[in-house]
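The following pair of complexes shares a single chain, chain A, combined with chain B in the former and chain C in the latter.
Entry: the complex of A and B
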């Protein structure tokens, strides 16, 4: 896009909270079950039922708001958001509007140009709707998801590029995973992101807002926004006016398409939910929120760079996954060298995990075993080449590297007596070659080394072996 | 347990008495039509047979959920719905042994003052079948007044227990908001309504209230019950403008005041400055909440569905168009109107301010008096149709009852006198959780002036 325009992007992120049960009843909040099995009169909107607030969800909501540096509400309450939708049982959604759990926060995230700050408008709790499937001339409703606890995070339009948006979202995903409040999977629908974007001549402020929906990964959010940024710039270049509207990202066509215009927008007629009292958290509750805080991904990344001398890219890789980051730090504590650990985790270990289709959690390679493997290399008990074979065996035999080296006799031979005997034997068997080398044909040294490795079954420690051979050759 | 309930105990487990009751009910029902569904057996399974109230029948307004019984709300929309669960107030009575024998008629979703807005059936007043039993809990009032059950449950959103109790000559309690669980009450106006009790004696009203009251985890607006005691010495009586009440009702109101004086209470005339704003504020809030509460009825998961629809949106539209009656549609439309963005300050927010002012009025008032006596409705039971009072006049007439709902205060209808063959009641009001004060006054009054009985009322077979 030409640089005469400025872009403003704001996000509305929804996450499913890991609160065990639904937002307002005791039904299991779980995916993948038979349709309409996790339902009850409350989440089905039967006449006469009343909502009961899920306290765990309330706690998680406050935790996220706190992690996003929001002002936490001392008297939060729910409201009814009124609109008709076939899979929404009550035809109103219990949500928050005037007094959400948190407002006026911010979140930092890293970009190639450095750390940036995005303001958070508010964080509020609400319930999800069901799911409707259209099959031929039928429409089927599954209400397992109806009433699922949702947290919506609304940012200010502070993001400047589609690329930054993707990075922001990934950092946000990591944050919720680190906190254990949501699995943050966009492809499974446990995290959703709507984006609004406007562009305008530089210095002119916000332009006409377009809302984008239906992007089910951070990458598609970026692609959708890039498309939209271009489209809007083209329109303005041609002197056309933009319309305030909602558009859908079409993944198959790589483009956005109009869903509805401003005139068709709903009037949600919010009013306070009379069935639920105002929630006034006490100090015990705030202490609980505070005690549940964890080191957030960005802080951890920066600390890892500092503490373990990792580059930004290395730390980015390690901190991306909470388990990997914990694993890495555990291995360092056990004495593993941070750079070596990074090298192994990002290449050989990763390759093996991919090949075996395993996650690090599920693999037999614990942090202490990986550290053990690195120790075997650094103490020259095995070579780097052998180490890769040992790693293979760790995965197949599920035994520690030391055990494998011992059982399979894979340790290097560095005993000078053994090595000298081998050199003597090989030199005796190849007098011509020895002569040639002595005569200056250094190329033949490689041949002798090859023979020596064969003789020792590949286990001769190369450095002392070469030293002895050199001495013998004079 | 009181003498009346003692008399009813075991009726449903005694074959002879049960068939006598069946016969008695049948005779009355042909005249009054108070029940929409009746079954003397079905409810036995869910009642505790060793409870103190074992074998005692009761009726439940058909907007309160009873598992295994229909939950029509007097609407075509829910004509086929069988409730999969029971309201907390019902469960508590069942746990105490009482048995549901049927569901009583009402104005559709509780919207009305005559029970004529029921889409399913007409209910007549046991005192005069040409007249209404009142509403919206008209079926519950009529069946109690006729002696078909010792008590029935109703709901009171703006007077729906107290006004039919007055029309039928019985007691009707609307408890403090939050004192009894709303779980299982089909919501019409959530912030105003409470379950209520209709009975022929104060003792039964109180015994039933003691069973149903108290905090319920399923209703987070419910509160643990801490009685606001205190002896009643002074009773305020509301100053009524000339001509605001029908002559019969005015006479009855005056004689009630006189009777309370005879019982050695000090009576003082009081005014409520906010009284004139009560009806508009009440209807604004009630309709706003109703527009959301009734949104769930869309023909998809349960209830009325059209013969055919092209798509889900058309299904919802047709279900609502064909399933709701006119009064319900009117209230949904008005409720939607007052909640529109840009209009909330003018209607909804202003009504909430009036509501606060009303509460403040009462708070001040109850520093001067221990209880309050007020008329219930400007007329006695009126004729079916709109010849006596049209739909709008009926709404205006809710003035004296809906004020207790706006303030959340407890109020009790007590029978006062019979004027020209029709019973008229008055209501007593008290501060929050002051139900005991109401019972205290009512018991004293009852000793001298027990509930009158309509012709053909005959419980000889019970003893």
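Entry: the complex of A and C
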């Protein structure tokens, strides 16, 4: 986009909270069950029922708000957001408006240009709607998801580019995964992200806001925003006015399409939910929130760079997945060299995992076994080349590297007596080659080394072997 | 309340009004709003709004799956129409 314009992007992120039950009733919060099995009079909006807040969801909501550096509410409450749509049998959604669990926070994330800060407007709890399938002239409703505990995180329009938006979302996903509050999977619908974007001449402030929906991965959020940025710039270049509207990303056509134009502002007529008392957290609750805080991904990444001398890219790779990050640190504690560990984890181990279609978690290679393998190399018990074979056997035989090396006799031979005997034998068998080398034809040395490796079954330690050979050749 | 505002309010509540009803209601609603205006004259700037008069204590529920007291199948019998276990309604997309 031409640098005449400035872009402002804000996000509304929804995450399904890791809870056993729904937000306001004891129904199972679970995917994939038969339609309309996890329902009860509360989530089906029957008259006279009494919703009650799930304490786990409340705790997770505060934890996220705390991790996002928000001011935490001392008296949070719920409101009814009124709208008519059959995905919600009550004709309102219980949400938060006046006094959400947290407001005025911020989150840092890394970009190639350095760390950037995004302000968080608020973090609030609410319930998800049911799932609808539209087919022909009928619509099908499944209310298993109606009432599912949701947390919505609203950012200020602080993000400047679609690329940064994707990076921010990946950072955010990692954060909720590290915290164990949500699995953050966008393609499975446990995390959703709507974006709003406006562009304007540099220095003129926010432009006309367009909302974007229907993007089910951080990559699609970026693509949708890029498309929209270009479209809006073209409109402005042609002197056309932009319309405040909601658009849908169409991933098959790689474009955004109008969903609805906002002629009048939506009027949800929020009012306090009379059935749910105000929640005033006490010190014990705040202590619980504090005690559940974990080292967040970005902090961990920066610490790993510092502590293990990893580059930004290396630390980015290792910290991306919580299990990998823990595994790496465990291996370092066991004595593994951090750079070697990174090298193996990001290449040979990764290749094997892909080939076997396994996650590191499910593979037989524990952190201590990987460390053991690296020790075998550094102590010259095996060569790096043999180590790759050993790794293969660890996966197929599910035995430790040491056991495999012993059982299969794969250790290097560095005993001088054995090596000298081999050198003598090979030299005796190839007198003309020996003569040629002695006459100055150094190219033939490679041939002798090859013969020696054959003789020792590839197990001769190359360094002492070369030394002995050099001595013999004079 | 002017008629335009009344029609807007009615449409938010999904109520249909004919002209006669609108005329009658417009008068009645205006009267109600006047009562509220009296209340609005009071200075409450230092008071916390009383959203919940009788519920003073926190009330949370443990995150444990509750036994189903009403059979979901029974609830589905109240649906206008079903297909498999889905509630079937006219297309609303």
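Here, the second predicted complex is superposed on the first by the 468 of 474 C-alpha atoms of A that agree within 3 Å, B and C clash if a C-alpha of one lies under 4 Å from a C-alpha of the other, contacts with A are read in each partner's own complex, and residues count from 1 in each chain.
Keep in mind that, in the parts below, a contact is a pair of C-beta atoms (placed from the backbone, for glycine too) under 8 Å apart; a residue touches a chain by one contact, two chains touch by 3 or more.
No experiment lies behind these values; they were computed from the predicted model shown.
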item	value
Chain B versus chain C as contact partner of A:86, first or second or both or neither	both
Superposition-derived comparison: chain B or chain C, residues of chain A touched	C
Which superposed partner A:453 touches (first chain B, second chain C, both, neither)	neither
Touched partner set for A:77, first chain B, second chain C, both or neither	second
Touched partner set for A:267, first chain B, second chain C, both or neither	both
Partner chain in contact with A:233 - chain B first, chain C second, else both or neither	neither
Partner chain(s) touched by A:136 [first = chain B, second = chain C, both, neither]	second
Touching partner for A:49 - first (chain B), second (chain C), both, neither	first
Contact residues of chain A, present in both the chain B and the chain C interface	41, 44, 52-53, 82, 84, 86, 132, 139, 141, 143, 267, 269, 274, 276-277
Contact set on chain A toward chain B in their complex	41, 44-53, 80, 82, 84, 86, 89-92, 132, 139, 141, 143, 267-269, 271, 274-277
Residue numbers on chain C that touch chain A, as the complex places them	12, 14, 51-52, 55-70, 72, 75-76, 83-93
Chain A - residues contacting chain C, complex	19-21, 25-28, 34-41, 44, 52-58, 77, 82, 84-86, 132-143, 267, 269, 272, 274, 276-282
Chain A-touching residues of chain B, taken from the complex the two chains share	63-65, 71, 73, 78, 81, 83-85, 87, 182-187, 190-191, 217-221, 288-289, 291-292, 295-298, 300-302, 311-313, 315-316, 336, 339-341, 344, 348
